[in-house]
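Take a look at the structures listed below.
Two complexes are shown next, each including chain A; its partner changes from chain B in the first to chain C in the second.
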Partner chain A sequence: MRGVFAIYRREMAGLFFGPLAWAVLALAFCLNGYLFVLYLKSQAGDVDVAVRLALGESWAFWMLLILVPPLLTMRMISEESRSGILEFLLTAPISDAAVVTGKFLAATSFMAILWASVFLYAAVTASLGVSVDPGVLIGGYTGAVLASALFTAVGLLASSLTNTPVLSAFAAVLANLAIVIAPLLSNLADDPVVRRAIRHIDVIDHHSNSFLLGVFDTAYALFFVAWTALVLFLTVRALETRRWA
Partner chain B sequence: MGVTIQSSAFEKRRARRARLATLAQVALAALLALAAVLLITWLSERRGFRARFDLTRSAENTLDPVSVSVIEKLPVEIAIDVFFRGADPPLSGEVAKAQNRMRKLLRRAADESGGRIVIEDHDLSNVARLPARAQARMGELKITALEPGGMLVVSAGTRRELVRLRPDIADLDPGQPGGPGVHYQPPRTVSFRGEEALMSALLKVSLATTKKVVFTQGHGEPDLVSVDHYGLSLLKGELEGDGFEVVTWDGARAGPLPADCDVLVVLGPEQVLTSAESADVRKFVDAGGRLIAAPGVRPLAGEGSLAALLADYGVRLLARGVVAYPLPATAGGAPHYGLEECGDLAIGFEGMPALNPITEPLRRSGRRVLMRGAHVLERAESDGATPVSVRDLLRSPEDSWHELPLPGTEDRFDWKPENDSERGRFLVALQASFSPRAKPPERANDDGRSRPESRIVVIGSKDSFQNYLLPSNRDFILNCFNWAGSREYRVKVSKTNPEARRIDVKSEGSLARVTWIALFGLPLISAVLGIATVWRRNRR
Partner chain C sequence: MISVSHLTRTFGDFTALDDVSFEIAKGEVVGFLGPNGAGKTTTLRILAGYLPATSGTARVAGFDVLRDSIEVRRRIGYLPESVPLYREHRVIEMLEFQARLHGMSRADTRRRVGEVLQQVGLTDRSRDLVGHLSRGLRQRAGLAVALLPDPEVLILDEPTSGLDPLQRIEVRALVRELATKHTVILSSHILPEIEATCPRVVILHEGRLVADGTPDQLVRAHSEISHVRLEAVLGADAPNAAKFLRAIAGVREVVDRGRLGIHHQFDIVCDEDLREDVGALAAARKWALRELSWRRPTLEQLFSRIAIGGSAVTAAHPPGSSAGTADPATTAGTASVPLHVSLPLSSAAPQPGKSAPAKIVYNLNPFDQGATRHLGTPKAVEGQTPSAAEQRARESGGE
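Right after this comes the complex of A and B.
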């Protein structure tokens, strides 16, 4: 656990002591803010719907989720592998799992900070006398962080598979895109069993039918946790293969 | 030399084998992990392993406990085919909203069912070229046409029930287009009854029995199929929509009361029942039957009258006069007397008992019951040997009085209380129950939910059931029928639309504050912090 925390602290420092994270944050906040105002206008001022749109009911949210985590994770393993830092890490007295978990938690924390901007928007609307439903806000935020965790894990896996950060980001974007789009293609399948099976792994569906409604459902939460854990497990295995490759 | 080459090749083969073995181990571990994830996600969706917390302020994502109970008790697997399609303006937006709400509701029901409700949503975006699967299902379910908005088909085996978006699920008002001298009214959702419609359909396809409601006819009762103001066509439709079978009974023509009657309704008779009919009704009620009754405009007294029948069961119907109350004042003025509207009662939560299965849901949701020309009811000593438990259902508003007809007239009133008139809350609806006085008949279609108890509901005004008041009284009336029919699990109130919280986007000040903070404030802080961090790092 101490190893996880050490890696986490190191990664957070790496993120926030460099310009990239701040630039990504500023851009993402700007885009989020612009979209939130746009949602408010298009929904005749309905703050609950605007928050839902900001936290997952719009395509803009999913595009951010497809693009931002790979940008964060692309350097985490592949860059360190190229520069040789990873070897130090892997020979240090901490497990591979701790390395992966620490990096994963740092990237997920960054995403959590990114989505936390909605709390500020909610505070502003509350100061105008219209408070967002706390269930929608907390539920939507929880779902957004859980979904971000999954996409971040995919980014880490991609990063662990190559020594080229840009290639890792590209692979992660493709994988994230597949995760989002593949279930939408289920409509093309005529077989109801296939459609039902695909729906069981539909990330958007799991987010929008529970968290975004203001509901915390253990089944839906476990869906994200379990799949994220699987991808992290694969990342650890991929890292291990570097020892005997 | 030869030995060295041989040894090197052997080492290479061994290394390759070792790598393959490790790769196989990793692949196997990955497969096992995948299987574990699938198992965990599958298990997490099972009942007993799952917990759900609705965090919203109004618990708008929580199914009614009654609905949960219905879903839990589903004896068979239910298939729900969703055939939603768009509608033309001006209702297109409202139809889409209602469809969206219904889809979410279906998802909640499916989640609650632990796999016993299977939903298939068909893509009807191009009605001219329906997908093969949708066409096949429509053929199997015998659907020949799809109305704008579409429908759901709830099916279990060969039993199926159509639930149309309009009017079963949502009541939509197209509004009014603006124009010269015409005020624009946007389209709106008047009410959304998705949960109720769904539960009703689930019950219909899953329960083997349907309760039969029998309306007496031939004594001046309102017509059950008449669509005019004073008809009962809406009530008939609502009852059938709620899973009851509705028939009429004219004792003088059709002979004895049908043996499979579950609830007998005597609504506003203006003539007395024949002695044979009276005997039939008493026999039915005494043997655990259920009765819903309301007096006519001028309640009769004597043999065969409703008053005489009810007196046997501890209910006294005051035959003359109606309950009136002062019309509420506007803008702080004095209340109005002398107007016919004094005879229109609007009974809110103050006039309803708490914790009563019929009225509690109405109290909770702030609903009112409307009555016109209601007669006063009182408790009386029952004639039978069995004690009758009589309970209040509705009491008129505070300060009501009992308005008596003007001298020499039958039904003309001046709507002004006499100086010595008793003022207060009068009983205008009640319920009574007692242990059957005779052995209940064996019923082949008894679903086991019935209790051996006779039940009576008396409403002081038949108008509450009629077309012109039913839309306002729908929940109350259906609750009465469901209680009388031992379907307490159906007693509920349809949900109103969730409240929308809006900021005034037309106000420059409000939107400017949100825009400034969201669009500039937060990004600016991030940018400044970023620049400061980089600057500090470079200085070191």
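Right after this comes the complex of A and C.
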């Protein structure tokens, strides 16, 4: 996987050279900070629960996960394809997989930065005398980053399928929404087998029943890793079909 | 260095490349010529490892472009027509990015960045944002990026498209300079471009390779032999003129095209432009010259003939030559395709040692006297305008 780091660096620079990343970060930090205070208030000062809410048990968390990654990834492939830069990357002596991986890691790193604000909240509450359970904090953060990775990969796949960034963002948002909402529909199914099957692909469930409890279960981690890898694989294939089309 | 055999590429029903084969040796500079949509870009993209071929093989430095794609890409500097550079980066950052993609060491990078910036003349603009560069400078930046890893093969797709004439000259000079160290393939639909830079030309048309060779070879293989056309009043020399002409060094053959009124017409077949020698002879023998022109099919005519399908003009032909003397092909050509206006090659022929009274130079260069001049009429020099009757005759002769 030579060249991954080169692509990664370039994409990070690309993200932070533009205004979009800063605007998204600023908004997300403000929102998260405000919500954290609200959570603290509503939970009568229970910081563990507040961190859990900030990192997965609230709708705000999932809304950010649905909306932010597509914004980051929408330009990564579709716009480069349009401007011809993709031709430059695909004729550089690195594999298609390296291009996709580099971009994916950059977008995921950005999400990791976005969620990292919880460490600040934890530091603040600790300085005020109440420290967060480190298991919940680190587990929740890891889970959030892993979930972000999956959504980022979906965004990249959407970006690789179209040459219009806005269209790719829209498609990615819809796909992300479907990923989050589909398991909720399992309640509508009568068949217990279908229910169990759907629960196996429930992203929210895999996040909140493991990482948010401060438990690191490799099976749950693998759930995210495997799905992310699958989507990335599809992205590489989609990129390859561009050569044939 | 590059060997391509039976390359075919289809996009759906459309065949972009149809059974194209060629070889390019190390150090060659080859120009791909063809109208838009002829398959130039497709060929270059296949060589650069961007597009796979539908069938056929292409090898660069012994590596198959499909199987050992990475090895091939390592050896190729490819500059697509769109000059893909990140607009938000500085030139130097773009170069460093390219260096990382090629896995160059830090020391190598520093050395090569300095070298290529020097080479393309961007040393003082290296800190500029790519997005702020003009089209010509961006082209050079793109070239610098392609050159950075010191590739064995340089593939440039339309390197001069969108540039102004001065920038074109610069890029051309740059390409010529690069040709000394690299194998260079470039494409263009601008003929003078290719003629000026490439010793070897590959002409593509509708996906097929229709010609391959040096411009000279192509011109010779695909057209009648070049010659000097002489039309003059010979006076007493008439019977011996052909003998005199044949005596000039370099003349291969003299074709007597007969007598037209008081003028005799000869085609002096030769490989080089012998107008001066013929002119000197004419002056010495006191022949009254009416026409002395160097007729040689240009690559452009060759190209348009291929592209249009054989109906193009065959030789540069000033419209002032006498009616009835033009050979049938030329007449047919001028009648069906009025291309002669764009062919300034032999029209501005100097007429050394001329003693005839009418001093008329046929100049079809539209830039010569501004765009207002009627291009069909001859331009008078030294204040002498051709008489009305003469001019009428010439005009009717040209049409």
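Simple rule for what comes next: the second predicted complex is superposed on the first by the 243 of 245 C-alpha atoms of A that agree within 3 Å, B and C clash if a C-alpha of one lies under 4 Å from a C-alpha of the other, contacts with A are read in each partner's own complex, and residues count from 1 in each chain.
Rule of thumb we're sticking to: a residue touches a chain if its C-beta (ideal position, glycine included) is under 8 Å from a C-beta of that chain, and two chains touch if they have at least 3 such contacts.
Quick caveat, the model's predicted, so the values are computed rather than measured.
Q: Using the touch definition from the top, say if A:230 reaches chain B (first), chain C (second), both or neither.
A: first
Q: More residues of chain A are touched by which chain, chain B or chain C?
A: Greater contact footprint in residues on chain A: B.
Q: A:214 contacts which: chain B (first), chain C (second), both, neither?
A: Touch status of A:214: first partner only.
Q: Examine A:222 and indicate which partner it touches, taking first as chain B and second as chain C; both and neither are also allowed.
A: In the superposed model, A:222 contacts chain B only, not chain C.
Q: Would you check which partner chain A:17 touches, where first means chain B only, second means chain C only, and both and neither mean what they say?
A: both
Q: Have a look at where A:135 lands relative to chain B and chain C in the superposition and call it first, second, both or neither.
A: In the superposition, A:135 touches chain B alone.
Q: Identify the residues of chain A that lie in both the chain B contact region and the chain C contact region.
A: Residues common to the chain A contacts of chain C and of chain B are 17-18, 244, listed in rising order.
Q: Write out the stretch or stretches of chain C touching chain A in their complex.
A: Contacts found on chain C: 11, 45, 48-52, 70-71, 73-74, 76, 78, 80, 82-86, 88-89, 93, 97-98, 100-103.
Q: Considering the complex alone, what residue numbers of chain A touch chain C?
A: Listed in rising order, the residues are 2-3, 5-7, 9-10, 13-14, 17-18, 83-95, 243-245.
Q: If we count contacts the way the header does, which residues on chain B are in touch with chain A in the complex?
A: Its residues touching chain A are 18-19, 22-23, 26, 29-30, 33-34, 36-37, 40-41, 44-45, 49-58, 60-61, 104, 107, 111, 118, 120, 123, 131-133, 500-505, 510-511, 513-515, 517-524, 526-527, 529-531, 533-534, 537.
Q: Can you check the complex and tell me which residues of chain A touch chain B?
A: 16-19, 21-23, 25-27, 29-30, 32-34, 36-37, 40-41, 44-49, 117, 120-121, 124-125, 127-136, 138-139, 187, 190-192, 195-196, 200, 209, 213-219, 222-223, 226-227, 229-230, 233-234, 237, 240-241, 244
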